[in-house]
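Presented sequentially are two complexes of chain A, the first with chain B as partner and the second with chain C.
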Partner chain A sequence: MSNFNLEIIILVVGFLMIIAGVYCLIRTYHLLKILIGIEVAMKAVTMFIILAGHINGKINLAQTFVITMIVTEVVVAVVAAGLAINLYRKYGNMDVRNLRKLKG
Partner chain B sequence: MRVIDYITVSFLVVPIIIILINNLLSKHIAKRISFYLVGAAAVLQIAASVADFFLLPYYKLHEYKFTLLWNIDNPDSEYFAVNSLSLVILFCIGFVTFISVLIAKHTIDRKKVSYVNLLMTLIFGMNGMLIVTDLFSLYVFLEIVGISSFVLIALFKSETGLEGSFKYLVMSSLASIFVLTGLAFVFMHVGSLQYENISKYILSGHGSSRLYLMYAGMILLIAGFATKSGAVPFHSWLPDAHQSADTAISVLLSGIVIKVAGVYGLIILSRLFDGIPAVNLTLLVMGTVSIIVGALLALKQDHFKRIVAYSSVSQVGYMLLGVGAGGTLGLLGAVTHIFNHATFKCTLFSNAAALHEQTGTLDINDMGGLHEKMPVTGFSSVTAFLSTAGIPPFSGFWSKLLIVMALWMNDFKVFAGIALFSSIFTASYFLRLQKKVFFGKVPNKYEYVKEIGGSIKYAEIFLTIIMIAVGLAFPLALLYLKGRGIL
Partner chain C sequence: MEAIIYICLGFMLICSFLVVRIKSMLKSAVALAAASAALGIIMYVLGSAWAALIEISVCSGLVTVIFISAISLSNTDKKELQKLYEDKKRMAYLPVVLIIGGIIFIFVALSTDSLLPQAVSVAQEIDNFREVLWNNRQADIWAQAIVIIAGAIAVTVLFKEKDTI
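Then we have the complex of A and B:
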């Protein structure tokens, strides 16, 4: 019974974290805050994978997945931060509403 | 060791060796020879994929399994594998890379070394996606492809490039979140992520609550790969990214990256979830909507590369129809369309490069009558248009015919009809493009425009010959496949 509760709790918390991340992505106009939103949602996914490993008894496999995932995630964050810095140098602020050159 | 062992390993080893050579040389020498290195890698990849394709029946193998350093005989061991389908797409990768380098010789004059490094990383990622046999490795290589594309788009730090790249990054991260969540749910249910285990155990345990989570995971996986392929509800990033990149990079993105990262992932999913008809129906509906909406959006654009990018959205729809139709014929149609789309998209983007080099603009309202001034560009562009629209002697006709036939034979007659009639949309937006750019009166400022010379011209001639030759020789290819027992 306690296992079952853990499953439900982690699923609900992870779902809420993804909602929070995507909400942050939609509502904010700041480049770095968008990046933070993406990272929050990614952390929820990490939790799902660990939960999956816990449930099907292959926690070692799940751990290797998570470690690999953290690496790729960091690379994405670095590239995104680089783009944000370059956009800051072009426009002088980090507002997403500057990005209106491409339309249609 | 057999011959095939050495050849197949080259798909992973050659890009890494090229990156090493490119960075170990002094910058002075590297600048001069880096494009030749990429050309050599592309030719090697084409040769290796062709050789493998003909060696598979020689060794009587359906699928060639291999590893790099570890033992394949351990139970549950990871392994790589190539089969006829992935070899055709590996061939397309080599082909598009070659064209990209031919264009880059004209358009890229600084940051050559970084271009080559990123291009090789991109090819490493795409090759990896095609030879892995479990979903998590697929995700890792997908991420390599994504990251190198972001940097390639923003390589010259123009305002549009950075903007397109950032939009692509955000959409792509959302796709990663979808794919990983789906993967976690499938892992929870199956206990392994290897393709063979997933397709074996996917439907076991009816009625348990985890099966519902597995269905949710399936939907998320499809949404993630559809985002990567630019199918319609998720297409918003594609024209921005493809328009703002340098033309040598747009060729790669539009010609092969969306197909390997998106459509190939959907092919894998349609195989894994074979017993679930809803997957096929989803792909069919998404494909139909992509064809129509992509074509209608292409009709109202004014930028040459943007029209071609929306055309990619529309053509990805045809590939999804082929995958969704299921069966060998549908898959064959989809893969043939991947190759044909690579050829005509390469042609159109090399036209874009030629026009931009000679006239300095890509706004189609500014142009006109350039057919007389640039006959090679004009002719190849018309050929590409006829091939895209599916006019009989050209290559695009055959792949669309295969897709429509597969749809009809699998009792999706409504979708077959829609696929047939939406060729009219394709023809309409390309007719508008051709009329405004190549026909009509020449504006005064383009009185002295000349035909482009050098590598772009050769690329255009080469591609035109391929489009016509494939169109004429395609029945022979079908006969060969029948002889091999694939069809």
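Then we have the complex of A and C:
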């Protein structure tokens, strides 16, 4: 049990969160749920970046990366939510299989 | 302080499981906000106070509002949702996948003697965050500005009601 320090437990929890997010990503057809799966996986990656900064002592550099990542995450969420709403207006649901029917 | 991190990690894992597993989209969005808040606490305890502030205010606040707005604009009955997407059936194997993944990761962690180096003290680094952000990482700031402008333009185009040509 001596191997179980804090960093390893954070790594294991992060990998499990990535598995949950990717599972959600590949198993559902709901566009908003897919977006939520991406968000769950990105939370784990954010935690990994902070953990890396904590381990090598460059926590400020890690913070700047995390801030950039959060900004990108919000823009992705906003644009994907707009796409989902447009899909709902056109087809009455948010099924991604409907995206195959779009042309032009 | 480590006990707080352990509690928040457990809470975050449970919330992430619920986010993926819950049928109701609204509850799913709220569980995602709770996971973000727990991540913010972990960040603060690990010494990154500014990132924790932005994580809690933006990811736990703004993104949840965006999701809830999108859900309220597409008001579909829960039974209809279940009939259309069959999420209950499709998500049935998630606990099995998580347990197998957890066992594999714990086994890998136990089989390696020194997986990670010891953490370096960051006490002397905390004060010069402003210098790193504004002087050393200016490219990031410009990239953020461009991404925000691109996102604003994309939203304007997506929510356009009629063609104005």
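Assorted remarks:
Criterion: the second predicted complex is superposed on the first by the 97 of 104 C-alpha atoms of A that agree within 3 Å, B and C clash if a C-alpha of one lies under 4 Å from a C-alpha of the other, contacts with A are read in each partner's own complex, and residues count from 1 in each chain.
We adopt the following convention: a contact is a pair of C-beta atoms (placed from the backbone, for glycine too) under 8 Å apart; a residue touches a chain by one contact, two chains touch by 3 or more.
Bear in mind that the values here come from a model prediction, so they are computed numbers and not experimental data.
Of the two partner chains placed by superposition, only chain C is touched by A:Y88; chain B is not. Residue contacts after overlaying the shared chain place A:L99 against chain B, while chain C stays out of touching range. In the superposed pair of complexes, A:K58 makes contact with chain B and with chain C alike.
Judged by the touch definition given at the top, the superposed model places A:T68 against both chain B and chain C. After overlaying the two complexes on the shared chain, residue contacts for A:F48 are found with chain B alone; chain C is out of touch. Residue contacts after overlaying the shared chain place A:V79 against chain B and chain C alike.
Between chain B and chain C, C touches the greater number of residues of chain A. Counting contacts as defined above, chain A residues 21, 51, 53, 55-58, 61-62, 65, 68, 72, 75, 79, 83-84, 86 meet chain B in one complex and chain C in the other. Within the complex formed with chain B, the chain A residues making contact are 18, 21-22, 25, 31, 34, 38, 41-42, 45, 48-49, 51-53, 55-58, 61-62, 65, 68-69, 72, 75-76, 79-80, 83-84, 86-87, 90, 99, 101-102, 104. Chain contact summary for the complex, chain C toward chain A: residues 2, 5-6, 9, 12-13, 16-17, 19-20, 25, 28-29, 32, 35-36, 39, 42-43, 46-48, 50-51, 54-55, 58-59, 62-63, 66-67, 69-71, 73-74, 76, 81, 84-85, 87, 90-91, 94, 97-98, 101-102, 105-106, 109-110, 112-113, 115-122, 125-126, 128-129, 132-133, 136-137, 140, 143-144, 147-148, 150-151, 154-155, 158-159. Against chain A, in their complex, chain B makes its touches with residues 136, 140, 143, 146-147, 150-151, 154, 157, 159-160, 162-167, 169-170, 173-174, 176-177, 180-181, 183-185, 187-192, 210, 239-240, 243-244, 297, 300-303, 306. Residue ranges on chain A touching chain C, taken from their complex, read 3-13, 15-17, 19-21, 23-24, 27-30, 32-33, 35-37, 39-40, 43, 46-47, 50-51, 53-68, 70-75, 77-79, 81-86, 88, 93-95.
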